[in-house]
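Chains here go by letter, A, B, C, D and E, matching the order in which they are written, and residues are numbered from 1 within each.
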Amino acid sequence: PLKVASLHPIVSDLARQVGGANVEVIDILKPGGDIHHFEPAPKDIAAMRGSKLLLASGKELETYLDKLRDSLGSGVKLVEVGEKIPSIPFVCHEEHDHAEHDHHHGEFDPHWWHSAENMKRAARIMSDVLSAADPANEAAYEAGAKAASKRFDELKKWAQKEVAKIDRKDRKLVTAHAAFGYFCKEFGFESMSVLGIGRNDDASSSHIAETIEEIREHGIKAIFPEDQANPKVLAEIARSTGVKIGDPLIADGTAKNAHTFETMLAHNVRAIVAALAPASAN
Amino acid sequence: MSAAASHDHTKEHVCWGGGCKHTQHHRLEVIDLGVQYQEVRALEKINFATECGRSMALIGPNGAGKSTLLKSLAGLIAGDSGKILWRGKPLTRSSHEIAYLPQRGDIDWNFPITVRGLVEMGRYPNLGWWRQYSRHDADIVERALTSMELRDLQDRQISALSGGQQQRAFIARALAQEAHVLLLDEPFTGLDKPAQENLSRLFKELTAEGRLLIASHHDLQTVKGNFDDVLLIRRHQIVFGPVAEAFTPANVASAYDNPDQAIRN
Amino acid sequence: MPLPTITDFLAEPIAKRALLACLMIGFANGFVSAFVVLRKSALKIGTISHSLLPGLAVAVLIAGLSQWSALVGAIFAALIVGLGSIFLSRTSRLDQDTAMGVLYTTAFAVGLQILRGLNVRQKLDEWLFGSIIGMADSDLWIAFGISAIAVITLTALQRPLIIYLFEPNIAASLGVPVRLLNYATFAVTILVLVSSLQAVGCILSVGLMVAPAATMYLLTNNARALFWGGGILGALGSMIAFFLAYPLGWSPSSTIVIVLGSFFLLAYIFSPKYGLFSKRGSVA
Amino acid sequence: MPLPTITDFLAEPIAKRALLACLMIGFANGFVSAFVVLRKSALKIGTISHSLLPGLAVAVLIAGLSQWSALVGAIFAALIVGLGSIFLSRTSRLDQDTAMGVLYTTAFAVGLQILRGLNVRQKLDEWLFGSIIGMADSDLWIAFGISAIAVITLTALQRPLIIYLFEPNIAASLGVPVRLLNYATFAVTILVLVSSLQAVGCILSVGLMVAPAATMYLLTNNARALFWGGGILGALGSMIAFFLAYPLGWSPSSTIVIVLGSFFLLAYIFSPKYGLFSKRGSVA
Amino acid sequence: MSAAASHDHTKEHVCWGGGCKHTQHHRLEVIDLGVQYQEVRALEKINFATECGRSMALIGPNGAGKSTLLKSLAGLIAGDSGKILWRGKPLTRSSHEIAYLPQRGDIDWNFPITVRGLVEMGRYPNLGWWRQYSRHDADIVERALTSMELRDLQDRQISALSGGQQQRAFIARALAQEAHVLLLDEPFTGLDKPAQENLSRLFKELTAEGRLLIASHHDLQTVKGNFDDVLLIRRHQIVFGPVAEAFTPANVASAYDNPDQAIRN
């Protein structure tokens, strides 16, 4: 089979779905790992031996890619799957825009995999690159991509049905970091982040004061921490405003128990619906 | 276990409150002491006994083991054989009754402390962690400063002193401790003539008050007038006894003039 | 929607708690900074605040990932690296800095390896680094308790401590319990460090634990004044920073350190005795 | 699928490059570690490796984010903090550690504030921290150049350097150009640090820059031997680590530091002269 | 600008290669020198001139400014008035021709260096950064070690020495430098009697070879036999001249016995 290596669990899964039995996917970054750092063991590199493709999620998520290029043998092609997927800018507080608050000029949200439409695009891209590497099985890859797209569509339908349980006015997703722009766009949420964009940003007190105001003003029902991140500040804001704390959402797709698009989306949608939908709907 | 409690006889004294004028004198005994540094044997079979009210000169060539002996007496290094008894009991490191002046301290000269603050440190063994710094303590510090002619310098930070002034400040700290036993490693170093004479005079006063004083130094001429006893060493003990008997040219010669240079290492 | 005024904001419990935290953490850190500066261990503290990962790794290995296991793991790691380096330097000819340099990097490497094995994200330390604005009640109580312990311990031990800091050998000959002091003060420092880590994060906590007494150091020759002066500067600076950060929209932790750094700069330039403009020995 | 044998693996270009990088970076760092250990600046190096952020922030502010601007910014930051703290301590009564503690935390706070203002998405230091596997061609060349510069400079300056490290005042009276040496060696150290940051990351680079000479320090009284011995130990340890990491499946950078840490431990215990089992002065 | 190049007259010498026996002697002139530390005036209006082949004792009470003067001559601190001329030119900090022994160095005693290594450092000004350490240099180091009786200790790490042995090692370093001018701050400190006598003898040899030697110390008795000139100071200069003329009891008294203690601060 065609051997490919992957730097992101969701991309690995996509490659498996599209390629089926014709590809062998090596996970360089294993579920639970940190997508921001690349520190492969020689063993991983050895396991990669003979791979035709190295798949990355792209959109500058893997900041180390530039360096890696030189080290790859000549037979390996690096593919940034997300590169051709339309970007949306980072958004913190979508519906207002004061002078002192900043929109992120020229900065794009790299978390493209929160959208089924994007996943469908990615499936097509995947089929193209696999075919280019292994023209003999082109037809199989195209079929694989189609099948995957169909599954993604179904999943989207299911998610939309679930989201419909939430009152339209309650469709506001308050998260710690702005990683859910694509999700919000696809499922009609307004997104708001408490802590800013970077993981290590420390929120300013005025930003927190604003967030509290907004949570009150918009009657927001719940706010969501992130998987594996410290929920402390969110917890205090929740305590101040009396809103619920939802189940942690999965942002990077690397959670140990949910590292495919299906499991990740299902987890996030369930968590959001459970916290925002009226009690009767659940 | 405060120092004051163990000084059950302090009341008799008028000045330098901690000495001991009483019938049964306190003895310091060193029995068969030996000290080893890595491959160097620094001291071997040192034996002597002295008591408060006496002063003792510790004499020997460079590398004879004088500093090593004083450090052992101060409890800063442990011998590997023999023992040291003070008032009949083995010496513990933190004996409050012993004041020690190192030959070369490992001082942080930039430490934010004035001369006065340094001398006040000497009161620590008497004050412990808690007791209030009293008028009495201030008097003692004052006296120590005066006797070392440091009154005018008392508010200087310690790095802003000349070498001899620094030495005087450290001596004053040892004095302010009002200890039973004073162990002074080359106390005359760096002092000018008047200060040296002043210190000799002070030694007499201290022993008259009933303190025990042990000082190493290199000036053989001043041994006779200034000390009661002398211990001549050169790794081994050469002689110990009252200056008049022990400090004979023959003994001194056997400490210094040896064609065999072995001791110097 | 206009920015709520600062008085509005102060009505929020979250703001009150933050202000209280600034006061307490500022004071305790400033107080302890005297010890850090006299001991010349600013960089040791910095190093320890970076060496928590192996402790976290072990904690996660044993108890899974939670805020409490992170806290315990961090304290554990700090003690290992701190006391370990004291031990290594006492029993070898290396100075403590070098011993610590080797120890913490090796421990860190082992920690990374454990985490790889566990397949846990490597950026665990963010579990420790809260923000002064997200202090829970329990955090406040912990901060209060630690501050109280630190101030009381260092005040009680002050006399022997200063002697010890000046010259350990002299201290030993004066009967100061040197080893006890060494370990006790070290433990207090670690506690304060961990509590300020929760408030301002890894690097900034070092600033909080150094700058106040460093400023005082330029103003006085009285070692005692370093402690109380440091505490007061620390508390004052933190409060000023809190009120500055709000209208500027800055993060409170960075602002605290920037304010304390400015205090330092002022003292560095204008100190009557040791400032840039005072006439000191014209050393070539 | 069985693991390819190590000889198979070595046939890969990526493996050859990594091995080469281990050799060069190990040697250069080990060589420079002698200077770090003699200067007792292990923790200073650690601190500098953590204080790159403000430089990055300024670089991004001026030139936007790219690998080169990040590198330049990092070097710039290291120089500011390093030379700044030398300057602060020369012109005030503070020791360099304390000065550095205040300086780098304040600079860091300012850097954070700049980055907030710029809204840069990621923690920037990731731009710097590569891994020894996956070094770009340019990285390898930079590493080679820096290693060569470091070894040549420190060898050329060795004689005055050792005198200077022993006692700056004596050195000055002997006619050693003290200030020049201070700045030149500092610059070399920073260069080596930045090159090893790219290979093993922020904390582990400190291990690489301390452990080899710390090990030698326990074995010899010859300051010169520290340099060459450190270099050889560093290179040897890195190569051993490379071959160990393969079958164990560990990350090479952590393994390097673990191996060097083990060398240190062995010397600490078994050194004939200064080891735990050697009979040194039985200090109470 | 290597040291050897400036020693255009070295050939005449048999031992201690760097001295100068020649008609036109090298002069060291100090003119109106004044030094200030923060609030303390340490030296004022110091004036003297001497030349190689002579030895000079620097005498004065503690805090008189002896160390300050020697540090100024060594180029380590700058005066705020007056000037220092060596061979007619202002002194630069890194004059290769001057050896300086500090009163109290800020030494890292744990530095991995042996006694021999320490003494070898003295050769630096002659070797510069590059020149090979030669047989000739080794001989000089050997001689310095021998003259300070350190042969047996040469492989010891420097912390494993007694106080006097350390002092000897530092003196040996200054000797190995073979400098024109030797500035020694209390060189006799910590030395035992034989070593002190040995050093006095050495001083004579050094000046006979044509070196200029300036040493501060506190032992007034040894001034007469050991030195050609004496400079008595107490912040101000009291007297400068040949020992026979200048070192009179009256002059000494005016340096030390002053009811006004002001100088001591």
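Everything that follows uses one rule, which is that contacts are C-beta pairs under 8 Å (C-beta built on N, C-alpha and C of every residue); 3 or more make two chains touch, one makes a residue touch a chain.
It should be emphasised that the depicted structure is a prediction, and the values quoted were computed from it without experimental measurement.
The fewest steps needed to get from chain D to chain E, moving only between touching chains, is 1. By number of C-beta pairs in contact, A-D leads when B-C and A-D are compared. Summarising the inter-chain layout, the chain whose CA centre lies farthest from the centre of chain D is B.
When chain centres are defined as mean Cα coordinates, A lies farthest from chain E. Chain A and chain D, compared by their mean Cα positions, are separated by 37 Å. Inter-chain spacing, taken between the CA centroids of chain B and chain D, is 47 Å.
Chain B and chain E have centres, each the mean of its CA atoms, that are 31 Å apart. Shared interface positions of chain E, defined as residues touching 2 or more other chains, are 37-38, 75-76, 93, 106.
Looking at chain C, residues 40, 93, 95, 116, 217, 250-251, 253-254 sit in touch with two or more other chains.
Within chain A, the positions touching two or more other chains are listed as 36-37, 41, 199-202, 204. Those residues of chain A that touch chain C in the complex are listed here as 30-34, 36-37, 41, 96, 98, 100, 199-210, 212-214, 217, 228-230, 232-237, 239-240, 254, 256. Across the complex, chain E is touched by residues 38, 40, 156-157, 159-160, 162-163, 165-170, 172-177, 217, 220-223, 226 of chain D. Against chain C, in their complex, chain B makes its touches with residues 74-76, 93-96, 98-100, 102, 105-108, 111-114, 117-118, 121-122, 124-125, 127, 129-130, 157, 173, 177. By the touch criterion given at the top, residues 37-38, 40, 60-68, 103-104, 106, 109, 149, 152-153, 156, 160-166, 168, 185-186, 189-196, 218, 220, 256-257, 261-262, 264-265 of chain E touch chain B in their complex. Here chain D touches chain C in the complex through residues 36-37, 40-47, 50-51, 88, 91-95, 97-106, 108-110, 112-113, 116, 203-204, 206-208, 210-211, 214, 217-218, 250-251, 253-258, 260-261, 264, 268, 274-276, going by the rule given at the top.
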